[in-house]
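Okay, so chain A shows up in both of these, paired with chain B first and chain C after.
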Partner chain A sequence: MMKQSYILISLFLTIALVQASSGDVCGVVFSQDMLSIFFTGVIFSSLLISLWYMVGKLLDSPDIESVTKVEIQQVGITIVIALILSGLLQILCNISVSPEGIELGQKNALMLSTESKIKDAMKLTLEAYLDMSQALFDYAAVGSASTGFIVYGNAVYFSPFPVYSFIAQSIAPVSKMTLFAYFSLVFQYVLLKIVHSQVFLALLPIGLTLRAFPIVRKFGGVLIGVSLGMSFIYPLIVAIGFAAIEPLSYKHLNGISPMEYLLPVGTIMLAATLGGAVTALGPLVALISAITAFTSTAAISALPLGFDIGLGDFVTGDLHSLYASFGTIMLVAFFMPALEVLIVSAIVRSLSASLGTETDISGILRAI
Partner chain B sequence: MSVVVTWSMLAIIGITISFLLSALVYMLSHIFSSEMMSAWSKHEIQTALLTIILFVSLTSLANMQFVKEYTAGAKNYLSNLYNDAIFCQVSLYSSGSGLAMISSITFSINPTIASIKNAFNVFLNPQTQSGDEKKSNEGGRQNWSVGISPASFMQPVLIALSDIQSYLFIPFTTLQFHLQLFTFIFNKGATMILPLGIFLRAFKFSRHGGNLLIALFISLYFILPAMYLFGDSLMQSKFNTTQHMCENYKPSLVSEFGTPLLAKAGLGGPESFGDNWDGDFAKIILPESSKDLIFNGKSSFTTVFLRMIVECTILPMFAIIVSLGLAREFALLLGSDIDFSQLVRVV
Partner chain C sequence: MMDWIFLTTSLWETSAQTFASNLPGEWYTISLLVVTIIAFALILMYMLSKMFQFPQLESTIKRELFQLIATLLMITILLGFEKTTSFAIASGVDLRDMISEKAAEQLLGKQGYQVNVFDASYVYLISTTTCLKKSFEEAQSNEYKEMLTRMSAGVYVFGGNLPLPLSQIFLSTWKDLMTSMMRAEDVMWLSIAAYFQINLLQWIEASMVTVYLPIGILLRSVPFTRGGGAAIMAIAISLYFVYPFLLTTLFFSGPPLPKECKVTIEVEGQPSKTVNAPKVCPSDPTAIEAYYGGESTSGGGGEGSKSLPTLDISGFQVVRLYAFFYPFIAMVGTLLFARSLAQILGGNISDIGRGMVRVI
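Moving on, here comes the complex of A and B:
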């Protein structure tokens, strides 16, 4: 048993020394110090256990001998974990995910494609927000229009397009939530960047090193579980999430052109004012002009009420686009990240339980 | 040349690797004479066998014709509900727009001080000419105006309508989200989520994640549509199935709220309300019992609003809560205690 473990350690150290020149994991270059710490840790732990075994032999204590056998077995397991991880992570980093399945792609394909997909989602969400804001502005502007007529200084005013104020009121909360969705995606992007930074990735060799020592073995296992889960499994699950809901079905709002609506109203207002002003031509002309202006404006204003004559379809089309786009955004920005974190936290729980102590990281969900 | 490993193939590869690993550990357990390793490998082989049974049975169940039919029925129900809700919103726009326009009419009198003086002079002495006063007020610096909106009594209804309009985005977005979730689950559930769950379940270190995905698949693929159909049956038992949510609704907003408001303002008599009028206009709007209020079969403004809240928000939310609650039970059955409450909060 001891012999086999020592063979394993020697084999590992040979491989590790060969690989020591390249500390590249998923595009992040490890500091050589980190690798040195890991190698030194494993060697130091093996030496300590050997010394303790020797003490056991000298004192003729079977208890010490059996403890050292278990400990050297654990160092062997740590080395097996490190060996498996060194190969597995390289494969994992080069995976690219598509709706059809997974394939081995280019170097660091996983991180690159995941980042670009989150950026695309962020861009689309921001575009949606700006689109909604523009539509909100247009509808509110036309909705606030007011017209009427003036005769001898006395006036009758009314709002011809109040329906657009109602549409603006429908867009406003959706637009606000879209902005929240954008920030949720930004959070996801930042989280991805943080967990794939050099500092966070350093938790993996540190965890492996700590796992080689008996006192901090469980803590080392937790560190391995958390860093593996967050740095490698999380990007993979996010990539699978984006593959599952690809392509993003965002529909642009048609909106309205305020000038199309406000210009006729403005012209009519001008006609009415002119009509009122040219009293020199006689009050009858002014009155006829003003009444014509009023009836023309009333005819235009009747359009928003006439949903059955076509405008209803136009408004409904915009509402369909608004809600359909927001439904997709909710799925991408709120539901999927929550589900992804839940899956990753479940995997981290199993991983950390297998390697050390069970750890729950689902608290990250609260941030979303 | 790169080879694409499909999701189903991935599940099979996962189970195969799990079998091979377990066999390897079993062999090593004999070399090292370790009982612990032997027990571990036996347990893993049992789990892998159970995972195969799960994969085969769930895939077969998902491909059964009756499952496809009832899920299609649930999707139709959701789509029709969404279209109905949009129709209701447009009707609300129509009513609100009419009321807002009437309410916005303002009469404004814009006399000059000079013209008032002139009017007084003419009233007191009809022979007096007022040319001097007219000239003194040129430029309109002393103008003032008085305006009145005679239909402003509609403002309370308009404010209520405006508030309702603002809150309606909740049922609409809820419905749209459910539609998107439904599409996602039925397009990717059996082909992606289940195989991925099976793959993750095959290994000890990712078993909780696999159990979570399998439990979610079972609850969202089989239970969620059943819950929608339950909601559909519940509403159908109380409403005419051919009747849309906002059918016959259009004129009711004015008649329900406008007429009693006019009566309150002293502009309408008891005769407008028939024998029901006893000075309490709420009785005109609200039927006597709460059952009638919600299920009277008539599309009054109140019933439309309540039906929209019940059918478009409460029932879909109930469906999600029940489905995710059952997902937790399924996960427990598979051997993982997963807390879905955070996901329910997000939904």
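Moving on, here comes the complex of A and C:
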């Protein structure tokens, strides 16, 4: 018994030294208030168990005595868990993950770096969405434009660039999905904010406190597992995922700029339209035949140009760059989070099973 | 206990000496480093348990050492699996004939091109995207018909303008136009699927065994997080070893990609290189079709007049297989494998996965 006490006191002193040198861990967890709550809970629980032990002695019940011995051991284990966690979280809070590796950074580096990674991904996705929307509007506008000419009362109107409405239709669903991907990333960001909130972080010391009491020991274990998994392991797994993907696939996110291709087309369209307007005033102008010829030539000359730009590798290559970008977005916004949730859920379940009782993850998911 | 430690050390040394000459990557070294750190931690704890006479801790450490030896054996098996699949692919198809070192650098953005399941998958997927680009261009080439359908005209007759029913005249062009538009939409989703596969494979190749596997080994060595560690290990192993292997196997055994999918790579100072994946597995469905008469089945006559319910997996359908169905089947197979492996390693992800699918 003396040996265990010695180890416990040594551990406590070590952690107290670490705490004294570097302040509180992650702002809230193991702050002065939380430590007070925890130790009050532990002392109160010990008193209750001692009282129960006395009752056992009084009633001369060996069953009660043995149960209280186990319970007091559990209180000791809870204190050890608290000590180990305070040291572990001190490290876990202050590491930063980058493509170069994991390093000990500034205070709360893990939370800050993970949030900034998700914010970067959100920014890139939103930029991609805005690019796509802009492209969609540009292509649709030019694609739906029509021109025509009237020669001695005979009129012909046509759309010289139908290919652009075709391209617009190919962009529209991707643009919509990119918006969903953005929402998915926003959800992750909000989730990260929630698990870093003071209320959520306080679940860890509360869980530790509850674990000291026999009746709510299992619930306390679940709270410890959930808060540890969500507040610390989840950001770590997200940061690792982003660190691995950052140098690889973000290079695809170049965006598209259709206007540089559409500008010359637009100029010819404008010339054709102006020509058409002048033609309408034809009877008043002496050069009617010359203008008509110009208008017709401008409109017809726009045709092969439109096909040339529309059908070449130019736009197709651009579209495939867009599809490649969306492939990356899908990985970051849908596949990686699913995998991360799977991993974190498995860790939470094994942690809570070891500390109290197994968390019913499938039940929670069913409820969602 | 000392015997076990000696055995573990000997196993490391033997494995390291066997594979040191031709290591497939850095993952093996990283995993070994993690195993060594855990071994040292266990040895330290064993000393403590002896010093303070904790028999429970002693027996726990013994159990953990067994787990560590099992992890070491698993790493060795995985290394062997990786080498074997590489040999199998190298003997089945010479990728260096299909894609040069420089071209690989240009296409895949990687140096030190090797014959392995990842690179074989990249070649097939890049060929698929090329094919999809061509399909899109074909679909796009029908777009002049949209101009016809949207054209309107009027004729000046007896002082009035008589509209011509052009949309009725060009009514037949609508069908072609709609077909082209549907094809373009198909191409869009398949292109996204193909590019997603390329990105996914790049991510798996870069991170699974170099980052996630060591983390999994580390977490699995702690009894509190054994389940989580097992899940990470199972996912990392399945995605790195099983997924590309299944994908390559399906690519090799499926019908061949159309000839239009050949990628011509212009590399400065080298003649242009044509990339296409040749067939290795003789499971070409057209061979059966030829036996039954091929094209003449509907026409009747001769040996090939027997009726055969044929599944049309040629042309664009093959591209659909390569871009979507094969990766989907490979992913389902991989997840099934991951579930079983997680259970073997001491974790359970089946109900979490089921719940997640339900949520999605």
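As a convention for this text, the second predicted complex is superposed on the first by the 256 of 368 C-alpha atoms of A that agree within 3 Å, B and C clash if a C-alpha of one lies under 4 Å from a C-alpha of the other, contacts with A are read in each partner's own complex, and residues count from 1 in each chain.
Basically, a residue touches a chain if its C-beta (ideal position, glycine included) is under 8 Å from a C-beta of that chain, and two chains touch if they have at least 3 such contacts.
Here the structure is a predicted model, which means the values were calculated and not measured.
Shared-chain residue A:L339: touches chain B and chain C both. In the superposition on chain A, contact is made by A:V174 with both chain B and chain C. Of the two partner chains placed by the overlay, only chain B lies in contact with A:E100; chain C stays clear of it.
Across the two superposed structures, the residue set of chain A contacted by chain B and also by chain C is 146, 148, 153-160, 162-163, 165-166, 169-170, 173-174, 233, 240, 243-245, 307, 316, 319-320, 323-324, 326-328, 330-331, 335, 338-339, 342-344, 346-347, 349-351, 354-355, 362, 365-366, 368. Every residue of chain C that touches chain A in the complex is listed here, in rising order: 52-53, 109, 129, 132-133, 136-137, 140-141, 143-144, 146-147, 150-156, 161, 180-181, 184-185, 187-189, 191-200, 202-203, 206-207, 211-212, 215, 219, 223-232, 235, 342, 347-349, 351-356, 358-360.
Every residue of chain B that touches chain A in the complex is listed here, in rising order: 2-7, 9-10, 32, 82, 86-87, 89-90, 92-94, 96-98, 100-101, 104-112, 115, 143, 161-162, 165-166, 168-169, 172-173, 175-177, 179-181, 184, 188, 192-193, 196, 200, 204-209, 211-213, 216, 336, 338-340, 342-343, 346-347.
The touching residues of chain A, counted against chain B in their complex, run 1, 4, 98-105, 146, 148, 150, 153-160, 162-163, 165-167, 169-170, 172-174, 177, 233, 240, 243-245, 301, 304-305, 307, 312, 315-316, 319-320, 323-324, 326-328, 330-331, 334-335, 338-339, 342-344, 346-347, 349-351, 354-355, 362, 365-366, 368. Across the interface of their complex, chain C is touched by residues 3, 7, 146, 148, 152-160, 162-163, 165-166, 169-170, 173-174, 233, 240-241, 243-245, 248-249, 251-252, 307, 310-311, 313, 316-317, 319-320, 323-324, 326-328, 330-331, 335-336, 338-339, 341-351, 353-355, 361-362, 364-366, 368 of chain A.
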